[in-house]
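What follows is a single structure, written as structure tokens, with notes after it.
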Amino acid sequence: MKDFKKLVLIAAVTIAACFFLVPETVFAQNVVDDAFRYVRVLDIFFMLFLVAFLMMFIKKFEWEIALATCIGLGGSFVLYTFLKVEVLQQYFSVMPATESPSLWGIAVVMSITYIIAMGVPLGQVKHWQYLLLALLFVPCFLGIEWFEWEYLEGVYDAGGSILVHMFAAYWGWGVILGLQEKRESVIEEPMRTTTHSVGWVWLSAMLLWMLWPSFVSVLLPSAAVWPTAITTYFAGFGSFLTAYITEYAINKEVDPLVYCYAMLAGLVAIGTLCNVVGIWTGFAIGLGAGVISVLGFNYLAPFLTEKTGVLDSMGVNNLHGICGIFGGIVAIPWAGAVEIVAIAFSLGFGLFSGAICGLITRAGGRPDHPFDDADLFPLEPGREEPF
Amino acid sequence: MKDFKKLVLIAAVTIAACFFLVPETVFAQNVVDDAFRYVRVLDIFFMLFLVAFLMMFIKKFEWEIALATCIGLGGSFVLYTFLKVEVLQQYFSVMPATESPSLWGIAVVMSITYIIAMGVPLGQVKHWQYLLLALLFVPCFLGIEWFEWEYLEGVYDAGGSILVHMFAAYWGWGVILGLQEKRESVIEEPMRTTTHSVGWVWLSAMLLWMLWPSFVSVLLPSAAVWPTAITTYFAGFGSFLTAYITEYAINKEVDPLVYCYAMLAGLVAIGTLCNVVGIWTGFAIGLGAGVISVLGFNYLAPFLTEKTGVLDSMGVNNLHGICGIFGGIVAIPWAGAVEIVAIAFSLGFGLFSGAICGLITRAGGRPDHPFDDADLFPLEPGREEPF
Amino acid sequence: MKDFKKLVLIAAVTIAACFFLVPETVFAQNVVDDAFRYVRVLDIFFMLFLVAFLMMFIKKFEWEIALATCIGLGGSFVLYTFLKVEVLQQYFSVMPATESPSLWGIAVVMSITYIIAMGVPLGQVKHWQYLLLALLFVPCFLGIEWFEWEYLEGVYDAGGSILVHMFAAYWGWGVILGLQEKRESVIEEPMRTTTHSVGWVWLSAMLLWMLWPSFVSVLLPSAAVWPTAITTYFAGFGSFLTAYITEYAINKEVDPLVYCYAMLAGLVAIGTLCNVVGIWTGFAIGLGAGVISVLGFNYLAPFLTEKTGVLDSMGVNNLHGICGIFGGIVAIPWAGAVEIVAIAFSLGFGLFSGAICGLITRAGGRPDHPFDDADLFPLEPGREEPF
């Protein structure tokens, strides 16, 4: 008995000594998590700029998109940090945030959501209104973030199908509905692309595709990243194939812009289940999403434009909107009814809060020349070139 | 004696307790390996898409390359995973695979090998035949993978000079030899590049160069990555210099396409010894490979086209073929005769299995307009532009 | 007492056994550090090539910049390694270097400094002189590296505002001053940009912005990377906003080239304090730097060209020069007078050593056609295109 007590004592002392002597190993786990998250957060910043290039295909309307992305990122990220760290954390008990990698992970996710959403009113607001909209977007995103993550329980949405993609699409549609006076056709002459500008779209789509695992896994623990990544890629493989087959079946040719967007459809849809299902389920979701997105571009988009007068020139609804909904619906067997609530809130609150932001923005007037860099940039002499 | 037994007992208990209490540190090593491999695997996906852009320099034949890359990646990766995980692992005892990062590392290496190989018949098959060829490629790659890694012992090829580059080149040449009816000239009018499209080639070549260490080290243990990476870079520095000097010495000017390909020659060649030799040996290999690749472009390529009728428009043999062989040959002093067997098998089995795939593909017919996006894409109105 | 000695003995044996049995955990910390640095070093290689594309906006003068970057990187990196590892380390006691990731980190920082510096004489030297200048640059950089890191103590410059940006700008200005015969106007016809080439500048600027945290943190310990990264991003947000506002206030429109350079101003300036201050101080520095850079482009640059005859076509002084000085000045309250010495040395030694390199280069003659790819590249048939 005395021996046993001695043994326990000795063991305790030794273990304590071990911990004291090997702090670097205990420490290592945090460093690994932080280093791994550093990589994924930088990847998402990369994606954010690629989203801009994904939209830069309209002739003589490229530079304003790039500038709007920069000021939109700067404005939204700074305001979001300020509200979370200096206001919510100090004076309220909701969504506690520290200056940890997780905070910066969600912050850049918020900013990329705005850049996606900006695609809907793109070309139809004045340059400084991109910054205004970015600032107005921040409290709206805090609203859905609070609702989905704190108010609801059990929503499956690690990769942001509902929080990011659906909300971006419907907030953006809310803005344009609040902004436009009537069913209007803002474009007098058809927008034209160039081989050169479509090259940017191919590059952006491919690299967004490649970086997507970092996006869906940014808030997951390190050990969950690989399984999530590979399921996500399999969803992407599915869209690669069905976007091609569906578009070719409908038109006997492939519109490169439709393909570049629809190849990402599976990645949008897998956001709800990316850390839950395996590769073959992921592949199946990707196959389905590729079909749905191409159908959206070919049939739903003209119908919606006809009914609402909205020109969703970047196809935000066809990629992020309906594929986000599809992702939410396929997750219902796993998550239950709460998933339906999350989908409905994202759609409803997105349209409602976006419309309010659109009405506010409308007070500042509309641009004289929609979809035209001449709004802000000197177009001579380089831009006199025939492309 | 009794004290000694007690001491051993106490020590054993304590060590067990330590392991029980510090699972996160034991765990950390796996997480580090996996996180580090995540970075390298994503880099290789990046490279795969860059290989596509490296080939997108022919006017009005850019988009089909991009689409072929997407469907080729999707098709080959999914079939390879299916065969390895669901067939070979379940029913055979060769090449056991688990759904681990290593599996996805070799899978994306397989897919990039196909994209390189696709460069040989590029523009000379119908769009859906890129997918067919991707599916046919998978068993061929499993064949060489089994031969080099399981059947042979002691091959030096961590970075894939023989498995990836040589096999890509000669499988691709096999396909075109099986595909074409006779010595034919498929091109009626000369292919033309544009400043814009050559810009893509510069960007792709530079970024491929930069990412190459992730490619050669993807299956190595974490601790071996840095020495491998830096030896690889020194091989790249060598090619930067001799590709420039050799091309200028021959032509008194530098063909940007030749330079962009030949600057990668050292990186192709170092694949056999990248984890074995130091920086100065690596540099010497890179110096040699740069010279060999430029000589290949200037003298060997016209000779082979004359003799075989094959138009290797992307210069796959001049970069991947002969530099892969060069890499294999310089490794013989380290590896011995087995390296010669590996080189010979990659060349012979590549040509043979490729020719069979080419013959199968030939049954589906040939495209009406080689090297022309009009095969699949709407060329109006953007493509009416003068570039 | 005897029990106590026994206890100590047992504990010591057990701890030793633990270390022996868990080498992978002790080992892990180094692997984490190395893996994390691998990511940042590759990011800097990425940035180095992006710096080239940031300068590729002049019509018919794009390819020589790309080639100069490749041979400049190869030449400078190899010589620097040789001097550090084979000469300084073997025969001298200054700046000991091992073949560790840290060495390659500082080596690529040295090379990117040369590529930035090359921007000043760009287009005004013969193609092989880019390689000569790269080799001449290496001992100059070793000089400032020794002075700032070994001779001085307590300089705040983890992110290289003084060592990299200031030195690049003033060494480059030294070269052109040593190179040109008199106040000369090298350009007969105005340089023209194209929409396409300006697209490269947008992409490069955005991705440089995104990758900047890896640059400023490359030599810092792992645990310091995140705080440094996020302070750096906040400096970047500041420049996004004030570069836009200042440029618009001055010109009522935004010159895309000025904006693409000035958006990086905060990142240049934060290099001194990036690992010292928090996000809001970083943001303030970025706000200030954005204003300063735009003022430099609009007012200082024409004044300096008038006074010196130097055509700093890439605006190196307006971004790297004056924002580096600004970064140094704001660090004085933290670092003290030593920071002033470092600033003065970077300016003075940069101009002096650069001028000597310029005089040496001048002996090889000047190019017949400044800013013209025809110096080295075949311009037919692709380049006959209207862009």
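Think of it as A, B and C in the order they're written, each chain with its own count starting at 1.
Definition applied: contacts are C-beta pairs under 8 Å (C-beta built on N, C-alpha and C of every residue); 3 or more make two chains touch, one makes a residue touch a chain.
This structure is a prediction, so every number in the text was calculated from the model and none was measured.
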Homomeric contact subunit B-subunit C: same or different residue positions, threshold half: different
Angle, in degrees to the nearest 5, of the Cα rotation that carries subunit A onto subunit C: 120
Distance between chain centroids, defined by C-alpha means - subunit B, subunit C (Å): 32
Touching two or more other chains - residues of subunit B: 10, 14, 18, 22, 25, 28, 32, 35, 39, 196-197, 386-387
Interface residues, subunit B side, partner subunit A - complex: 6, 9-10, 13-14, 17-18, 21-22, 24-25, 27-28, 31-32, 34-35, 38-39, 42, 45-46, 49, 52-53, 56, 60, 62-63, 66-67, 69-71, 73-75, 77-78, 81, 99, 101, 104, 131, 196-197, 200, 376-378, 381-383, 385-387
In the complex with subunit C, residue positions of subunit B that touch it: 3, 7, 10-11, 14-15, 18-19, 22, 25-26, 28-29, 32, 35-36, 39, 43, 59, 190, 192-199, 202-203, 206-207, 210-211, 213-214, 222-223, 225-227, 229-230, 233-234, 236-238, 240-241, 244, 248, 253-256, 259, 263, 279, 283, 386-387
